[in-house]
Amino acid sequence: MEEQNKDRWVVDGQLALPYQYFAGTVGSHFLTSLRDRKKILGQRCPTCNKVFVPPRQTCERCFANLADAWVELSDVGEVTGVTVINYQEKYLPLPPPYALALIKLGGADTPLTHVVAGVDPANVKVGMKVKAVFADERKGSLLDIKYFTPA
Amino acid sequence: MTDAKQELITLPQILSIPQRFATGPIMGRFLRELRDNKRIMANVCPKCGRFQLPAREVCAICRVPVTDFVEVGPEGVIQSFDLVYYASPDPLTGKARKAPYTTTNVLLDGVKGEDTLWHLLNETDPKKIKRGMRVRAVFNEVRTGSMHDIKYFEII
Amino acid sequence: MKHRNVGIIGVGQTVHSSHREDVNQPELIHEAVTAALADAGMTMADVDCVVHGNMELFEMIHQPDMWHVIGDGAYGKPGIRVTTGGTTGATLVCAADALVASGLHDIVLAIGFEKLQEGHTTGGITNMADPLWGREIQTGALTGMTADAMIEEFGEERAKKAAMKHRVIMDKHAMKNPYAHRRFGFTDEMIPAMIANTPPLVGDLTIVHMCSQSDGACAMIFAAEHVVKKLGKKAAWIQDHVTVHREETFNLFGNHTEVSTMRYAATKLFGRNGITDPRKQIGVFEMYDPSSWWGLDWTREFLLLSGDEHLKMVENGDIGIDGSFPINPSGGVVASNPIGATAMVRVAEAALQIRGLAGERQVKRDFDLALASGFGGTLWTVLVLLAKNPPVSEEAQS
Amino acid sequence: MTKRAAICAVAQTSYERDKWYIRHQGMVWEVVEQLLKSTGLDYAEDTGIGQIVTVSDDLFDGRTISDAAVTDAVGAHFRAEEKVSQDGAMAVYYALSLILSGHTDLVLIVGHCKESQPGSRRLVTHLAFDPFFTRPVGLDYVGAAGLQAQAYHAKTGLKAEQLADVVVRARKNAAKNPQIKDLPAVTAADVLASPMLADPIRELMMYPVTDAAVGMIVASEERAKKLTDKPVWITGVGCCYDSFFLGDRDLTSNFALKNAAKRAYAMAGGDGADVYELSDMYAYQMPLWAEGLGLCGAGEGAKWLAAGGPDKKNVNLAGGTLAGAPMILGGLTRVIEAALQLRGEAGARQVRGAKRAVAHGSTGPAGQHHTVVALANEGGR
């Protein structure tokens, strides 16, 4: 195949386009609550009787409208699942290694996936109590919670 | 309460994924001939004799591989053209291109069949462009084996 | 011979719009899903398969059917995602038809959507070109070549007037469609000024000729014949459909001997369904018209016409809602274009016409067959024939 | 009236880490050419191939309408082509429905992917997450798998050493699969020493970056008899979605896979099979999906591995997805390997007298959507 190699090569390029996502009314309410009041909100589904986080307009199982079913959650929760991210990518919220965890906040029935820092990632175990650490400068993003840290 | 006055959060961003685009042997031969020899090489279907530009692995009509190459152009005739006034982003850079610019389908001398080569025309005055006009490929001095090896076509 | 008949018994659409910042993608989809379920008099529990599709690079969400389970009701259900460019919406209809007709499923919910405001429509379409040849110069689906060809064939004045009259007729239809995105209130008197003053996009394709970029979703419920009968629903029956793709490049575009996929699809579909005079046997046609120039040009292709018959149909207003052959009572794609849903909206609107549920835009006279087309890719066509009465099927015969 | 459909021919390119020397069109044509040769089919208007189902992905291909690029190579010029945008096993599901519906009696399936083309597979799967509530915390399919793996280890007592053996076995079996290239054998120690990606998943416990194209011809019963003397009947298909947010799911319950398997087995009239091909993108998914397919009880994957379950049940005898298959083609390559077993064409890894097989694929983060395909040859009907 050598002699044909002069007709075969690889061109380094990219796929790049502009995007502009909308969080929507329900998502925006969750995000502005983080930004303006440092409050983490869940939503109680009246029929399934479960409190969900992160936010969604409807319950995917019974189609109940959750747009106004807000409940305030504690910013303290328990780790119910964890993995330590040990690879490099430009979209990571923290320099690796760090703990990516399922965190069941007080008042919620479904854990929120977020990051745990301020501790050796290897020591983040299921059952650990963690507390939200809010960013000083908040922009209406899930990362207005900078990370969770042992409570 | 999600009141009607809820501020709506938006997230503008340019998203990009690095890509390694392989030429493969057929497009690779086509691009190398531009780069090394300033030659436009169509490949020709062994079954129906159709010329393909750029060269492509398979003849869509006959469903057979196409590996024979024939030199065509560098001159030809404007078969159709588009005078683009709307500046839209080039996905290879994520940035908007400068408009106006003109693209043209050129039926190159020596081509049997109707396959045209699609490229830029360096004329943006609609009054100066007519289907059927003769044009010529203008090669760049610095060539890398890409579409830019031909700078543009110019009206003769 | 079809194994068993499939009836469309539920249609749901969002009000197509250019700024749905109030919802995210699953929430936009959910609006269409709940509307379709309501039309069919069903709940999500009745649905036993969900079909999903859009063009994911318009929003850069990989495998978006995963995230959209939150809004489309697919949790715990079978589901498939099928896409084919602009034709996606009509391909979803074909997929749903196969899934029900095969007996694998009795009630299928199909969903097409796009939130074009979240991406860049022209940039997204440009990205379909070969990265090594053409991607730097393509401008999405914008081209003036069809205008050039029609101006050359019919003269500048007649061609430009016919194209702009086509646009005005589409707007008059859109004015009667509460789901339409663009409604301007154009009149025939405005045509000369529109021709003279509308900014060009590419050549003689101007902004007013070109389809809009919409946020929107469409959902449809497909049911097997025995379900339709049991529920006593009025259905639009899927008589037949044909999909015709074209090679990878546009190189032959504009001036070539190759038959168009529109004409090829119509010839094949009409041929095997005994349609010898489409304008008599078909009652209404929802055509995917990405621009007024293409809507005008493809009228000739789809109806197997020749010469200037298609121009006359527009000039005489035959394609109006009360004309001899109504085209796009919905206002068509120039009025509303959430691309992943657009081709499905064509079939949905044809189904509403068959079921007599098209409200102010309902074609008055009686008819048995409706036609809907999808456009996408490198001038691909999906053509769907709907019927008022269930066609012959194996199940019905046995 | 068609009651059944059969796989009549299969084709695969080699599975490599980086097919830099060829682009998608060339890979796809390599598969189509093999299928045309082995069946004698052409694209004649009414008798030839007229319905094509492709599998590919706009983000992996870096190209909008990724099926448009291969239209010529799959022969779809003035024919019908539709792209399944999920794990390729769903193309088999869709082809079956196309044939049973009576719309066509012949379907060409072709799937392609070059995972070496995008700069990072993880970046592509990161973009499957929503912009506001999952992307910001850096989620991608590897992170999601890490969370699932940790939960599974905790629930079943699964040991890293057991997964090292799964990887060693996968590569040993892959050595008997001529299509798999440049995949060196490894020792358990190599696996346990490989860098940690997303604890407890180490690098060698994840499927390698792979470029490949695969395809098959599916036909109605009537046509299948004329195309092959070794038809592989598609006796059952099933699929199912689970929730999207990881917190809404029990990551080790196999909710979606159990539903998909139940549906496929009900259609096939039973779940017994001589060969199992499950799409394990990570070593922990071998025992987890085995539970979901009913090869062992819920939560008993670790015990099942310890008792030599994979060899007893002829699971992934050609290396599985863990030995390298593009993510979006995982299930389709499993269906192909199962078909080769039922056609007696599995060479060094052939299970003598195999009559029935089950193939599986999954799409989405931590197996959010699963597809199960039940197959049987003439002996297995």
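In this document, chain identifiers A, B, C and D correspond to the written order of the chains, with residue numbering beginning at 1 in each.
Heads up, the rule we're going with is that contacts are C-beta pairs under 8 Å (C-beta built on N, C-alpha and C of every residue); 3 or more make two chains touch, one makes a residue touch a chain.
Note that the structure is a prediction, hence the values are computed from the model and not measured.
Top contact pair of chains, counted by C-beta pairs, is C-D. Rounded to whole angstrom, the centroid-to-centroid distance between subunit A and subunit C, based on C-alpha atoms, equals 38 Å. In terms of their C-alpha centroids, the spacing between subunit A and subunit B amounts to 43 Å. Chain geometry summary: the mean Cα position of subunit B and that of subunit C are 29 Å apart.
Residue positions of subunit A touching 2 or more other chains, listed in rising order: 8-11, 13-15, 17-27, 31, 60. In subunit C, the residues that reach two or more other chains under the touch definition are 21-22, 24, 57, 60, 69-70, 75-76, 120, 123-124, 126-127, 130-132, 247-248. Multi-chain contact residues of subunit D (touching two or more other chains): 20-22, 25, 59, 62-63, 71-72, 77, 119-120, 123-124, 127, 131-132, 243, 245.
With chains as nodes and touching pairs as edges, the resulting graph is complete, every pair of chains being joined. For subunit B in complex with subunit C, the touching residues are 8, 10, 15, 19, 21, 23, 27, 31, 53-54, 56, 60-61, 79-86, 88-92, 97, 101, 103, 105, 114-120, 126, 131, 146-148.
Subunit A makes touch with subunit B in their complex at residues 4, 6-29, 31-32, 67-68, 70, 140. Against subunit A, in their complex, subunit C makes its touches with residues 20-24, 26-27, 30, 34, 43-44, 57, 59-60, 69-71, 73, 75-76, 115, 117-120, 123-124, 127, 131-132.
Against subunit D, in their complex, subunit C makes its touches with residues 1-3, 24, 50, 53, 55-57, 60-70, 74-85, 91, 94-95, 97-104, 124-128, 130-131, 242-248, 261, 264, 376-378, 394, 398. In the complex of the two chains, the subunit D residues touching subunit B come out as 19-23, 25-26, 29, 32-33, 36, 42-43, 59, 62, 71-73, 75, 77, 114, 116-120, 123-124, 127, 131-132.
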